[in-house]
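A, B, C and D label the chains in the order they appear, each numbered from 1.
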Amino acid sequence: MPTSTEGTTHGRGEADLDQRIDLYRMMVEARVFEELAYRMFVAGLVKGTSHLAIGQEAIAAAFAAAMRPDDLTFCTYRGHNHTLLRGAPPSRLMAELFGRGSGICGGKGGSMHLTDASAGAMGSYAIVGAHMPIAVGAAWAAMERGTGQTAVCFFGDGATNIGAFHEALNMAAVWSVPAVFVCENNQYMEYTPIRSVTAVENPAADRAQAYGLDSVLVDGNDADEMFHTARSAIDKARAGGGPSLIEASTYRHGGHSRADPGTYRPDDEVADWKARDPIPAYRERLLAAGVEAQRLAEIEAAVDRTMHEAVEEAKAAPLPPTSAIGTNLWADGGSAWRN
Amino acid sequence: MPTSTEGTTHGRGEADLDQRIDLYRMMVEARVFEELAYRMFVAGLVKGTSHLAIGQEAIAAAFAAAMRPDDLTFCTYRGHNHTLLRGAPPSRLMAELFGRGSGICGGKGGSMHLTDASAGAMGSYAIVGAHMPIAVGAAWAAMERGTGQTAVCFFGDGATNIGAFHEALNMAAVWSVPAVFVCENNQYMEYTPIRSVTAVENPAADRAQAYGLDSVLVDGNDADEMFHTARSAIDKARAGGGPSLIEASTYRHGGHSRADPGTYRPDDEVADWKARDPIPAYRERLLAAGVEAQRLAEIEAAVDRTMHEAVEEAKAAPLPPTSAIGTNLWADGGSAWRN
Amino acid sequence: MAELITYREAVARALAQEMERDETVYFIGEDVAAAGGVFKTTTGLLERFGPRRVRDTPISEEAIIGAAMGAAMNGLRPVAEIMFSDFLATCWDMIANQVAKTRYMTDGQVELPLVIRTANGAGVRFGAQHSQSVENWAMSVPGLKVVAPSTPRDVIELMAASIRDPDPVVFFEHKALFPTKGPVPDGELVGELGKAAIVRSGADLTIVALAAMVPRAVAAAEDLARRGVEATVVDLRCLVPLDTRTLLAACSQTGRVFTVEENPRLCGWGAEVASIVMEEAFFDLDQPVIRITTDHIPLPSADCLEDATIPSVSRIVEVVEKTLD
Amino acid sequence: MAELITYREAVARALAQEMERDETVYFIGEDVAAAGGVFKTTTGLLERFGPRRVRDTPISEEAIIGAAMGAAMNGLRPVAEIMFSDFLATCWDMIANQVAKTRYMTDGQVELPLVIRTANGAGVRFGAQHSQSVENWAMSVPGLKVVAPSTPRDVIELMAASIRDPDPVVFFEHKALFPTKGPVPDGELVGELGKAAIVRSGADLTIVALAAMVPRAVAAAEDLARRGVEATVVDLRCLVPLDTRTLLAACSQTGRVFTVEENPRLCGWGAEVASIVMEEAFFDLDQPVIRITTDHIPLPSADCLEDATIPSVSRIVEVVEKTLD
């Protein structure tokens, strides 16, 4: 794996610069969407709970950029950014958080269960680790059907201690399925530091060998490094080279969920990580690479506009009809359990 | 870990020779008991199923010899030998296989659920991997209560691919509990070679690092090596050195269970392993070490007598009364779910 | 013409019929391929359909169900075997929280055409962790269809229907029935989920049964007939969807209803059936619905204890007769 | 004197009372120590009893229950928290196959004094995987005692009884009740498992409820009273052991019985209760037992949908009134 991303991004030429600008745009989209989601939460418009990934955008953006439209994403309750960046319409995502009928899941899923199958976003799973074996299956089907798809599965550091992680990685390796497993190591479970409950220092990378996989540890806040890592793992999977397990170190700027002020984290730790915010750092890098400030400012303005419009649309969206309760349990559209 | 056992047994002096003779006796006890169990099966006296460990006796004998009376054993449905060698009365074990009222579990457990808590044999568990977290808990309680006990947990190669294995080893390591995990790698699950479904060559040893543990791979058919390995792991645990994960390579001479002729195994593989039968090899070694053939012959005869008597006792034992159905679900001795 | 085959053979025949018809049907499980299954229910499938479509898995129940679910999302129609139904507990999250809920949570975006096959029930002295009847676990979770056939023909017809069904089905095969034989016509067989069978008609009372309890209910009915009491026997076959039409009609006609359940007593399928029948046919009943069940205990392994725990023909007859005088 | 405390505070008080009394009581779970629990139900316990007796675990539900079981075998009385009851599915094998069956399988050799605490139920818009009421899962497994309190006082009294009980108890705390307040006397409080409470007495009908459905049943009863209909409300409090004496007496007196259940409809605790009541009080009933339940679907997350899915006060009143005219 690359340690210096400059090395890899140079020599990729102009096209790459456009790609990198696109990466920047995606990170900004995720950031603005989640900042708005948070404000809507405080305003009481988002129901239930919500888990923000502010600070972790480089990972979602890099993979979304590296994936093919028909590739499949599996993520967790902390999945706004993954679902959005695969192409789910922001207004319908926001509407889902609001519990509106126009929500991406008709209001039945909520913040923890965002799914847009048409965009390859195959679901946010709210039970830790459960989606990992599911991603194995999706990749297995791609392999058997020869579709050339890959499945990318995002999970947290805490998920590395649950049984499903172990079962999924072993099966993925034995069957050599085209899957990429990405541990977004943001250093904490809900409120507990991952170090305090894990037998190894790097919860995913230090376990790769247990599945015959390479140990891959990357800076999850460096969009270039993430993109390169993502692309090589996806290319490898698509080429029949089997699964990869990637550990990307990152940090969530806020608490675990809306309920959590995150006070259990040392101030200086938070400050250090905020200083390593992936977005401003990348902006600097692009400017250094010769991108005009003007161009970035336009992108930021456009994203801001889109996302604010999305919020307004969501606000205007109707509630789901009560009749929706009984729909879409079964393929026949209903939910009857008797005749 | 020792590679040459002579090196370790020499210099331990006479006491060691007695210990080794005792090891031999225990292996013979397990072998004779299981050979009789098999015959009783064919005779229709053993009900349900039974999983023999003929060929794997060195592991059970070595650990039973190395354990303290108050140490706790957790094993699988393939647990006749572990339960017997911890000190469970053979007649009541056989009676349990026969489904008799005098059975060690009153006939409620059967071959797959042999338990003799008074001997520290805390159960044979019939769901793969489930007993591993339970062993962690028993060891944790020993640590918290300062009893100096250790918990020894035996499991098969196939169990290394189930989630409970992963969760148990991580927690055991993080909490540094006095537990020893022993993988009896007999090369097969039920009928499937472990290699064909596992991402690493040594299903347990190659995963030790994922839990920050040393990789320990030993010859499970060498009673001296097993004993030394067992003793050091148990001593380490008792001294507060935390858990160990040991992979002992071995082989079952027969099929997985009474239903299985074992035809899926290449004849020469079976022949090779039978040539490495732990018992005759150890007998030779003892003779070479100067033990008189006479002494071993007496031991063999005595064991044979005891086990045949056990069978006769079990045959004579009464069936459990039907009323037993309703007893011992609850601590009050009954099974009422209503008033 | 119809030939006699075993319930065991019917499983392999059903899978072969569907795998032959539809190349997206894949089959995975522990020891199912090379070994043909520990109950020998899938013998010959590997030879016929090859190692890609018939695949041995590690002992990883969560991964087995997860793999089936993910594959169902992406164009396959997987059949996954969980060797013993007791082990459904080791992957219950995948079944009850993931498989069952995903179509609903996504408001219909994700289709999950998959079948989970498992060997259910007692009678073989395997003890408490290998003998449970847990069809009520599946029945209690919205989003799962639940099938439990009692004859070789139903095994084929309902397995075919389950594999073709666009929704997830948990298919309970009964261990004790594997060696039993029944007539099966030649050619492709496809049944329909959610249709109970009237196995026997009698005017005096109705016995509602499932899987291995069906032959016992029939034997009890024949015994009762010799004593001049005529019983209707209903084989539910599916718990979800539940054929309440057939059930209620059969119960109203006789006014005396008994369930015969292998599951432990509390919250079994019989509790649901009894509640429905009493709520919807209350004024047609001459007496309360009486549930004949396994005691509410784990299953003991000793043969004499196991036999005394599960509803037997004689116990069914006794309970029925007690209510008659 | 009695003070008003929340259901949430009652949990910590109950645990503190028992940990103070018995040093073999240990408490483990995810984020329970330093963070005081994600529902803040265990705040202060770490400070008071230290990091050995109050311990944060990895996200390893099987290991959490397994550790509690093994510790219970070896001299501790562990209390293990499973954060949301939905996650019981991730360790269902440990609960249903190991914890529940071991004493019986060993014919009483192994005692398992342990408590599994979990946050159950809906009302907080967490969606299908964080809102289930699964007390019926536990009720259907022989070998588990099942408790689900509805008031702060019951939380303390029944938690103390559960911790002192020599058998495994699954203790369901209801998420929606955490902020609710109730009077609690000073001093040590210990209740008794298996005793239902008559929360309200009325001659016209009986409503049987559990946990968060109890206040709704009471509210419905008060509403009905304003319309001249007097209802008895039974709070079951424990599903195992089940206080059938109190239940049957309360049902026979009025002859009109309704259950109010948060669990999805099929095979809920109400199906068992309805079956028992109809079987044993059949001729005292003026009408069938009517079950008012959550629909048989996964729970939708949108607030308006969730509210319309779970039995509401108005729905209870409606259903009752329909049967009266």
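Points to keep in mind about this one:
Heads up, the rule we're going with is that a contact is a pair of C-beta atoms (placed from the backbone, for glycine too) under 8 Å apart; a residue touches a chain by one contact, two chains touch by 3 or more.
All of these numbers come straight from a predicted model, not from anything done at the bench.
A centroid comparison over C-alpha atoms places A as the chain most distant from chain C. Chain pairs B-C and B-D differ in how many C-beta pairs are in contact, and the one with more is B-D.
For the pair chain A and chain B, the distance between mean C-alpha positions equals 46 Å. Distance between chain centres (mean CA atoms), chain A to chain D: 36 Å. Centroids built from CA atoms put chain D at 40 Å from chain B. Under the contact definition stated at the top, the residues of chain A that touch 2 or more other chains are 107-109, 113, 125, 127, 130, 161-164, 167, 170, 174, 196-198, 324, 329, 335, 337.
Annotation for chain C: residues touching 2 or more other chains are 57-58, 60-62, 86-87, 89-90, 93, 97, 104-105, 127-129, 142-143, 240, 266, 295-298, 300. Of all the residues in chain C, the ones that touch chain D in their complex are 86-87, 89-90, 92-93, 95-97, 100-101, 104-105, 127-129, 136-137, 139-143, 240, 263-264, 266-272, 274-275, 278-280, 282, 287-291, 295-298, 300.
Every residue of chain B that touches chain D in the complex is listed here, in rising order: 72, 74, 105-109, 113, 115-118, 122-123, 125, 127, 130-142, 144-145, 147, 149, 151, 163-164, 167-168, 170-171, 174, 324, 327-331, 333, 335-339.
Residues of chain B that touch chain C in their complex: 47-49, 99-100, 103, 107-113, 125-130, 158-159, 161-164, 189-192, 196-198, 259, 264, 319-320, 322, 324-326, 329, 335, 337. Touching chain B in their complex are the following residues of chain D: 24, 26, 52, 57-58, 60-76, 78, 93-94, 97-98, 102-111, 142-143, 165-167, 194, 240-245. On the chain C side of its complex with chain B, the touching residues are 30-31, 34-35, 38, 56-62, 86-87, 89-90, 124-130, 265-266, 295-298, 300-305, 308-309.
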